[in-house]
Amino acid sequence: MGFEPSARAQDLVARVDAFLRSEIEPVEAELHTAIRTAGDPWQPQPMIKDLQAKARDAGLWNLFLPPAEPGNERYGEGLSNLDYAPIAELTGRSFIAPYIFNCNAPDTGNMEVLLRYGTDEQKKQWLEPLLDGTIRSAFCMTEPDVASSDATNMEATAVIAGDEVVINGRKWWSTGVGHPDCQLLIFMGLTDPDAHRYARHTMVLVPRDTPGVKVERLLPAMHRYDEPHGHGEVSFTNVRVPASNILMGPGRAFEIAQGRLGPGRVHHCMRLIGLAEKALELALQRGTSRTAFGKPLVNLGGNRERIADARIAINQARLLVLQTAYLLDTEGLAGALSEVSQIKVAVPRMAQDVIDMAMQLHGGGGLSDDFPLAAAWTSARALRLADGPDEVHRGVIARIELASYLSAAQEAK
Amino acid sequence: MGFEPSARAQDLVARVDAFLRSEIEPVEAELHTAIRTAGDPWQPQPMIKDLQAKARDAGLWNLFLPPAEPGNERYGEGLSNLDYAPIAELTGRSFIAPYIFNCNAPDTGNMEVLLRYGTDEQKKQWLEPLLDGTIRSAFCMTEPDVASSDATNMEATAVIAGDEVVINGRKWWSTGVGHPDCQLLIFMGLTDPDAHRYARHTMVLVPRDTPGVKVERLLPAMHRYDEPHGHGEVSFTNVRVPASNILMGPGRAFEIAQGRLGPGRVHHCMRLIGLAEKALELALQRGTSRTAFGKPLVNLGGNRERIADARIAINQARLLVLQTAYLLDTEGLAGALSEVSQIKVAVPRMAQDVIDMAMQLHGGGGLSDDFPLAAAWTSARALRLADGPDEVHRGVIARIELASYLSAAQEAK
Amino acid sequence: MGFEPSARAQDLVARVDAFLRSEIEPVEAELHTAIRTAGDPWQPQPMIKDLQAKARDAGLWNLFLPPAEPGNERYGEGLSNLDYAPIAELTGRSFIAPYIFNCNAPDTGNMEVLLRYGTDEQKKQWLEPLLDGTIRSAFCMTEPDVASSDATNMEATAVIAGDEVVINGRKWWSTGVGHPDCQLLIFMGLTDPDAHRYARHTMVLVPRDTPGVKVERLLPAMHRYDEPHGHGEVSFTNVRVPASNILMGPGRAFEIAQGRLGPGRVHHCMRLIGLAEKALELALQRGTSRTAFGKPLVNLGGNRERIADARIAINQARLLVLQTAYLLDTEGLAGALSEVSQIKVAVPRMAQDVIDMAMQLHGGGGLSDDFPLAAAWTSARALRLADGPDEVHRGVIARIELASYLSAAQEAK
Amino acid sequence: MGFEPSARAQDLVARVDAFLRSEIEPVEAELHTAIRTAGDPWQPQPMIKDLQAKARDAGLWNLFLPPAEPGNERYGEGLSNLDYAPIAELTGRSFIAPYIFNCNAPDTGNMEVLLRYGTDEQKKQWLEPLLDGTIRSAFCMTEPDVASSDATNMEATAVIAGDEVVINGRKWWSTGVGHPDCQLLIFMGLTDPDAHRYARHTMVLVPRDTPGVKVERLLPAMHRYDEPHGHGEVSFTNVRVPASNILMGPGRAFEIAQGRLGPGRVHHCMRLIGLAEKALELALQRGTSRTAFGKPLVNLGGNRERIADARIAINQARLLVLQTAYLLDTEGLAGALSEVSQIKVAVPRMAQDVIDMAMQLHGGGGLSDDFPLAAAWTSARALRLADGPDEVHRGVIARIELASYLSAAQEAK
């Protein structure tokens, strides 16, 4: 592979891999059954806490953290995006692994925001328990009543009133809000409708238990509730928090969202690559172990060609994500804007297709919950919308392409 | 439209359409909520029985029935496949309509089997209450332990022991078995492993309450249980029924399955076309009523092109199904074998793609259960496996194409 | 097939089929070789005239003609679009058949224009020799210097000066202009730039030998010149013709173009379906007669699945074209606008894909001119642009779809 | 970019780029016109020799050469695959550049074969003039009468008779054989039909002017003859050459073909990536400079989305080729077998699609020879067959994938 991880990362990759195989994979099916048959699926299974403790003891904890920056040294020396990428891929093979390693969205993104943009006080209050895994968090941005693909549409309000912020409105797809440990909401709201369109919104830290915050319902994504984390529709009615809960300052929400994007999308995409690899592995397993019309399934019709196409698609996607990680590391988000959108378009679609192929090879089993394929498929599908729909990202890529063409054409004159 | 329904059918189409709009659509969302929030979702909602009574009173009942054949006149004069097709399309726009009109799978297929192959006694006992809607039925063919895409693989047994049949084995994806009114299982089992591969299996009528029949679990299809009908995994342990419960005779299961196929697939496909039309309508509704980046969604990027492609795809698919219905009516299954497989490949894939497009236009809403899109999508996806996976049908089409080419080439010599 | 041709058409179909097999197919390869090795490929091969005479004697001449309208009876009683469709499909199997039967574009469209919109004098002078096949014609609309997908862009001028029209400008893709018998150009030019955008342009009959008309060059379409007909780039420099050469009247070019569209696109599409059938037949022939890795090609990898997909795609496309022909016959162009665009998008793409598959099965042979596949593929590709690019047609379909949705939504209120 | 070329390669890339822009691009259209209008297009244009001399003087000559191996030092210190890749990409932007830099197929592959497997005598006689560019060569493997996708099918014979080899049979798609400087044919023929299937064939150096060698005809690939190089059908009738003309030894043809494959496919694919970039650039140029329906083309319908998809596809493909080059450099062909097949499947298809999109944006112009798009598209299409059809490569990838899965599964037990 052309994007070699550092020696430190290689060691971590090997240890994450071993942990996955010895500690997580053997119990995963059991855990899903436990959730399914629990009286209350929203009550986290104790098994998770045990595994988290083991992972932490093994030094496989908060691996998502970026390299230390001045002032943040005490939160640890993290990995570059390129070094973390193969770890994210491994964790993507399992639906619970990201939680076990404290590397799951949206907590990772929220922790990054606090790390980069939080005050010392904010870090102490929220970042530290998140890094400890003692609390969880949600990100409240998307709204049910407007096309949220255009983030300037957001109309929930964050009005500054003296030394308080008053919050009103309704958000949905607030992932993680169903978990009993969720204590922090990062809320994005409209503060100054007359400002420049990218300076109207503010991000505010809202304790989950502030009066006026109400989880109206938990939403199924393609019929799955993803218990015990869940995706919530949350109403905010005259919610008041101190102005010191504002992140960076009024009107700076887009700036923060921007900084949160790059690494988060690399993580999502690498996890999807792990998931696609898992699906391909299951396809090979099923295809070689079942027989129809006198042949192993894999030897029927176009099945081998589909396996080849899956291998090509996964490899291309992985390389594009690694390249994006490399650009983020070497040139920052500004040098990777198009690539971040490219992976966001390419990888979920690729994963959806590979998983669809694997489901098809599993027959009815592929639709059931005897295999992780149905859940894998819906995860990939949902990611064609989460963090911006494909179409918006294609727009970004085309805009950059056009600008780059026009500037080169100008220069050539 | 080139495939004009008869005057009688046109009248029925208009009345079904009116019933759907006035009686079913207004309450459908309410019904889904009722199921979702019921203590026991497997307990049918009373609303259904009421609507069924209304539909029956309106003469919109058992419309799936084929034209009367000698000896079957008393079960009514049904419609040709071509006449029933537009009715099936309409019912496909709603998830509950097929039940309301007593036109849902697998009961329709089971009723057709009884009508065509049942003895008078079997008809009296099972067909009549099914036509009345007082009982429901399931079809037990697919097995968890073998690749059921090759139906000769089925290894559950139906052994003839004197004047009894002894049944053992395990089936799954037995749709409808979760419903409290389900009283009849049509079971397919291996009787004579040494016979010709298409003469080994037998179909047997098994009362649901026969000792040894056990619904082991209800299966989610892409996370949905389709309550209150459900898809079951059913074990049969030394289940004994009288030999008079055999359909047609020992070893004749393939013959029966064959006869059941053609119309059933036309129904499935026409319903999917209705579902795709519904999804396109929702896409247009959302696309014209929401705004992003200063424009209605429908005017952004490639959205209009995708709507055009959906229209083309739906129209092509509908015409192919109508042509298949026409062939079934005029030449019987033998003259429509390739076409029946063609629609089975083309239509679910088309529906899946159109619905995916509509979901994408709905953003997060498209994944939730606020719209019928997630359920529509999983239905279409499941139908790429149910009744034979795409790949098996492509094999059938290619075989017929090759035979036809070779015979023409032979003749030309 | 659900769209049964009339008895008269069935007889013609059978005779065209027999003529193709006995007279055309046996000599087609020979003819192509003759053209390729001729000193001057633009000199028509005498074989063509002989075959035309035979076809005419057999009553297989000008079959494209529409049903007689009042005043036009003397030009013969033609066929409905639905009746002509299967004949067009048959002629599409061969690159020369359309010429043999005097049914080739653009002469057919030009004859239709003269028939519908020509004065008696214009008909006598131009329509009659075209119907006789003694002259040929070209249609001069597309321009090299503007995006001609938007026909209002055309900037060549047709200025009315007293009882003359003065023509200036440059056209290209004027098909047929390379043929020595081409004597008539139908020219579309800008007359009144201040009129409504659809009333600015005029169509004028321009004799090929009018001073100032110059064929600047003949254009290859994907490296093929289509000798001896060709596609020309034509300059018009102060070309003067009598005002009586105007069709219908000044500013009525769009009206005429509109009327020319529907049937012409049905013809193109049905010919492509014939071509796709031919390609599939060749694929089956090659696939069953060559061996690799110990098996006939057709049994390798996904080849059978691809053959099945080709069959499905051809059948769906044919039905959509027949439905469009039926609508044109029963409701006129106004009732078939969306469908005419639908087939224009769907059929060339389908043909391109089916032919691509057949080429792939032929290996290097498929790229050579030993088989008609390379020519078939480039023809299909060119038709994704000719008569309006796919994208413009998708725009038309979406516009109609939206209007229809909005009007239904309005009504429902 | 994650696969950084060495400093030496970076310098060469910059110089090749400058040479392309200043010396080749300005004259390329002129050259194509000269070929097209030449009395004899098979007579090379003098311009080429001049440009070759310039390129050689500039040190941009034979850059394809691999790193020196013991004994081959005198042929120069070449570049690694990874270092040569971006140079190949640049040369792929132009149809003549590969010749100008003496880096065109099949001469490069033939030179590599001679370098790796030739005796000193063979190198002196053939490799040196090829490196000098004073002669050209062809590779005679594919046969018209058998499915050559399975190379064991080859039935032309190379019989050893004493100290001679006697050659009989017919080959086609012998690229380069039309060029007047072509003096060497590398011929693959059947020597021992009873040997192991991979040890039956022999490679022999055959001087073009040996009695019995006859170029029967030159073949068009999608209507293009690629003058003055051409693709020939060549018959061999009792052609006798000394046994010392055998490469490596009798029965070793597969071994040699194998060694020739990897780098050649990387070159082809990198050139296609250059071609796809060129097509995208043309699409942007046309899309921003033409107007329809009141907007620049690029802002109509799905055009921006298609540009984004092209960017994603090109970037993914490039990364996969670079990764393959890297593997060839670090692990040899044995460690890159699957990847070499992966790029062979992915890249021509990607290029075909990107070029198709660019053609569509060019309207009729895209089909003409006013733009290099028609030639680009047919080149990409041809490469889905040349060097093995996609389907064969998918078979290789699936075989490796299965073996790797089964060995991992075995190990896990």
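Going in written order, the chains are labelled A, B, C and D, and every chain counts its residues from 1.
To be clear about the criterion, a contact is a pair of C-beta atoms (placed from the backbone, for glycine too) under 8 Å apart; a residue touches a chain by one contact, two chains touch by 3 or more.
Values in this document were obtained by computation on a predicted structure and should not be read as measured data.
Q: Return the chains shared as contacts by subunit A and subunit B, ordered by label.
A: Joint contacts, listed by label: C, D.
Q: Considering C-D alongside B-D, which chain pair is linked by more C-beta pairs in contact?
A: C-D
Q: In terms of residue numbering, is the interface formed by subunit A and subunit D classified as same (over half shared) or different (under half shared)?
A: The interface of subunit A with subunit D is built from mostly shared positions.
Q: Hey, how far is the Cα centre of subunit B from the one of subunit D, in Å?
A: The separation of the two C-alpha centroids amounts to 52 Å.
Q: What is the distance, in whole Å, between the centres of subunit A and subunit D, each centre taken as the mean of its C-alpha atoms?
A: Each chain's C-alpha centroid was found; their separation is 42 Å.
Q: Just curious, how far off is subunit D from subunit C if you go by their C-alpha centres, in Å?
A: Chain centres of subunit C and subunit D, defined by C-alpha means, are spaced 38 Å apart.
Q: Residues of subunit C touching 2+ other chains?
A: 301-302, 304-305, 391, 394-395
Q: Within their complex, state which residues of subunit B touch subunit C.
A: Listed in rising order, the residues of subunit B that touch subunit C are 1-3, 280-281, 284-285, 288, 298, 304-305, 307-309, 311-312, 315-317, 319-320, 322-323, 326, 338-339, 341-342, 345-346, 391, 393-399, 401-402, 405-406, 409.
Q: Once bound in the complex, which stretches of subunit C touch subunit A?
A: Within the complex, subunit C touches subunit A at residues 301-302, 304-306.
Q: Could you list, by residue number, the parts of subunit C that touch subunit D in their complex?
A: Residue positions touching the partner: 142, 144, 146-150, 153, 172-173, 219-224, 290-293, 297, 300-303, 356, 359-360, 363-369, 374-375, 377-378, 381-382, 384-386, 389-391, 394-395.
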